[in-house]
Amino acid sequence: MKNETPFIDKNEFLFIGGPCAVESSEQMKAILSLPFGPSVIRGGIYKMRTNKNSFQGLGIVGIELIKEIKKSHKLSFVTEITDPRQIDGLLPIVSCFQVGARNMYNYELLKELGNYQVPVILKRGFSATISEWLGASEYLQALGQENIILCERGVRSFDNKLRNLLDLGSVIYLKKNTAFKVIVDPSHAMGDRRYVSDAAVAALAAGADGIMVEVHPDPDNALSDGQQSIGPEIATELVQKIKELAPHFNKVLRV
Amino acid sequence: MKNETPFIDKNEFLFIGGPCAVESSEQMKAILSLPFGPSVIRGGIYKMRTNKNSFQGLGIVGIELIKEIKKSHKLSFVTEITDPRQIDGLLPIVSCFQVGARNMYNYELLKELGNYQVPVILKRGFSATISEWLGASEYLQALGQENIILCERGVRSFDNKLRNLLDLGSVIYLKKNTAFKVIVDPSHAMGDRRYVSDAAVAALAAGADGIMVEVHPDPDNALSDGQQSIGPEIATELVQKIKELAPHFNKVLRV
Amino acid sequence: MKNETPFIDKNEFLFIGGPCAVESSEQMKAILSLPFGPSVIRGGIYKMRTNKNSFQGLGIVGIELIKEIKKSHKLSFVTEITDPRQIDGLLPIVSCFQVGARNMYNYELLKELGNYQVPVILKRGFSATISEWLGASEYLQALGQENIILCERGVRSFDNKLRNLLDLGSVIYLKKNTAFKVIVDPSHAMGDRRYVSDAAVAALAAGADGIMVEVHPDPDNALSDGQQSIGPEIATELVQKIKELAPHFNKVLRV
Amino acid sequence: MKNETPFIDKNEFLFIGGPCAVESSEQMKAILSLPFGPSVIRGGIYKMRTNKNSFQGLGIVGIELIKEIKKSHKLSFVTEITDPRQIDGLLPIVSCFQVGARNMYNYELLKELGNYQVPVILKRGFSATISEWLGASEYLQALGQENIILCERGVRSFDNKLRNLLDLGSVIYLKKNTAFKVIVDPSHAMGDRRYVSDAAVAALAAGADGIMVEVHPDPDNALSDGQQSIGPEIATELVQKIKELAPHFNKVLRV
């Protein structure tokens, strides 16, 4: 069964924003009330952490929290899935699943997601080649290409100045050679909020169909990834800049 | 609950051999009757393949096949697990689970495996740092260190002469700084049977506690990874070489 | 002694174009007569080739050829230097030296170049970290930052779809944290002329001060790097696109 | 002109030892009087340093120092060359030139060295492929394969526990497919003296024809690379271990 409605429309540039982790109802409502009015919100409920003692997300509590918010707010919600057994719990709240870099090679998860109609954002693995990334996308293929969104999030590098190495060459390659929608996560690529906006604009120029950005109402007090999260001010400026530039690339911003 | 019997004894050098994939009863019996008499056999039942159209393993049929063999043969069996939902099916046939490189970051699978008493071989991810590998091992920690075996299988490199870059430095580091058993997979590291024995012996010299080698009764007709599988002759020579050298490193070979 | 005239003016976006290798007088004149009228021309005279039997450049013959052309044409010329002993020969014809990726760590060459007033484009080494690149620039430091131009040309990656991995994150980092001019070589980064223009525009968006592009009057018949050289048509379109976009990044194109 | 005497004899395992940098006459004499009596000594006179303010070697003073020592001591001396203009000065004191990792791509230097009869140790570049390394060796080819010694010194990796990633796979590949002598530098590969001996022994097992090890009479007070230099005690033990094991690999140790 294939979902006929594309998650990103033709000529649309999508801004997906939100915190690394869903922390509280207040936090999510603060995001929703930001001046730039993001219509697609990301937020982690099940977190993948290299260190098992790091904050692992709210889990089921987070699912209930999002359900509550959806009663009173229009919310298109994207969250990471890390285990096939989470699908049933997440289905009522997600508009789009996200498969993180660590799970790009988790083919059992991908095969399972292919059975649902929900769009999937498939992040590139830490050091995955483009071929491997496309290979992983084939495990999802029942979803149809319009509902598989590849997300470049930077690859591992030898450099220690930036968290990852933002690969916009992959975006250029994929847009020229495949029919996939391709978005960029400048937050994980750069790892530092001072660089996020420039990377986001460069992604637009490279041909990306959207960005997924860590936005937090109060980044300095975020439970995770605060350093790379942008706050309301930077987010507002970035939205302005993209609105100004998108038409030069035959795109229109949907916030 | 912790398993008190270590999978690899102190001062033991373990030779785990067998085919990339379990293909048939005849193939498995041929392995078991090899002159060097391997006491621990590896064989894939659920395969992880970059290309979804490649052979994915026999699955449940393979489980039944191993059950049959165990009725008549003494067999210590190691196989890869790729999904928490496979645990129940595999429990009756495995002496040790193997988590492959693609699933080193699959923390949900690791957490689940930590609940059982079965030893786990945890392969290093394609480009994983030693810290990330140790981080992953902590998700298994209920098993106890004597039943978590780290398996170096080479990391990704820029070179195209060899399949991966065999990192014996990691073995040296881990043996000096942790209590883990560490084994080496020279087959996936080198990707070519001509180089497997030299790599295996170098692993012994670097301090490894064992090797996991792709051995096939007829490598040229293997369904997968034939190029890097050694046949009976090379395997027999390798066993001889290790028997000769192991005492110089305070080890005794258990085949 | 420090050169007081910056090679790239404030708010200027510089387009350096020309063939991988200087091949003939006809070829160079064809470049000079291209409609977009490049004012800075690159062209290799001493080539660095991984294979010693590949075309190594015209050497002294190429120097004489450029001297001849300069008698009748206004020409700001950039060429790669690979040995301190080439300096005297090249001084009469160059406006700017280029140190290639293979020589970024050739500190003896860099120290020597620091003694002259000629600007230097310092390309990033194949896998150099940003710190190493900045470390190399210090060997040139007598030139002053306005006459050291760092050139990002992509770094080595595991991927085989593109020649290198274009690192625009480094450009963003360097522009935010140093006073260096930073240009991008999209030709070597992408390795394929179909991707060069998109990469060039993304470089502008990332904050680069210019691009160095392989342009050839007849790319299919170039003696080297033809696959990644753009021809007159693509070059003209690219110049148009940059003229249109540069003001959005507070830049003006100098062709 | 080709040198007919190989620098490493057939079936010989060569131990090249000595300090990172030649510091003083006392230091060099202390090395020469070590119990294991190294017959080939390495020591840097011109150092390549990422930071231009780090100690750059004694230069001409170091050359005179070695000349003095050679009047009273038998000394086979290896030192790094970083510029073709150093050849004349170094010729009277060297038995073998060393080209460091940073200069593997410095083809002008390699071409020049090919004109002399002095053997050359060619270290692998930081991230060089085996093909590029062999390509560089061809620039030296007038020396003959018996006097070009390839030196594996580890390649760059993502890991931060060890200085480099010791690639013994390359040694195995080169010994099976080329006629080159291949040695290993475990000091730069591991970056920590605690791991040097295990890496050296693994190199022997992988088929290497020798090792080049940083040995210092007083490592804790070395002017450079002290952390990875072994002192007299470890060196003596390592020599014993190699003497014991070399015959198992059809080698005899020449210290």
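Chains: A, B, C and D, in written order; residue numbering restarts at 1 for each.
Operating definition for what follows: contacts are C-beta pairs under 8 Å (C-beta built on N, C-alpha and C of every residue); 3 or more make two chains touch, one makes a residue touch a chain.
What you see is a predicted model; the values in this text were computed from it and never measured.
Undergrad: Strictly by the touch rule at the top, which chains does chain B share as contacts with chain C?
TA: Intersection of chain B and chain C contact lists gives A, D.
Undergrad: Farthest from chain B in C-alpha centre terms, which chain would that be?
TA: C
Undergrad: Could you please state the distance in Å, as a whole number, between where the Cα atoms of chain A are centred and where those of chain C are centred?
TA: Spacing between the chain centres: roughly 36 Å.
Undergrad: Hey, what residues on chain A touch two or more of the other chains?
TA: Residues 127, 131, 156-158 of chain A touch two or more partner chains.
Undergrad: Give the list of chain B residues in touch with chain C in this complex.
TA: By the definition above, chain B touches chain C via 127, 156-158.
Undergrad: Within the complex, which stretch of chain B touches chain A?
TA: Per the stated touch rule, the residues are 48-52, 82-85, 102-103, 105-108, 125-127, 131-132, 135, 138-139, 156.
Undergrad: Quick one: which bits of chain A touch chain C in the complex? Just the residue numbers, please.
TA: Residues in contact with chain C: 127, 129-131, 154-155, 157-162, 164-170, 172-173, 175-176, 189-190, 194-195, 198-199, 201-207, 244-245, 248.
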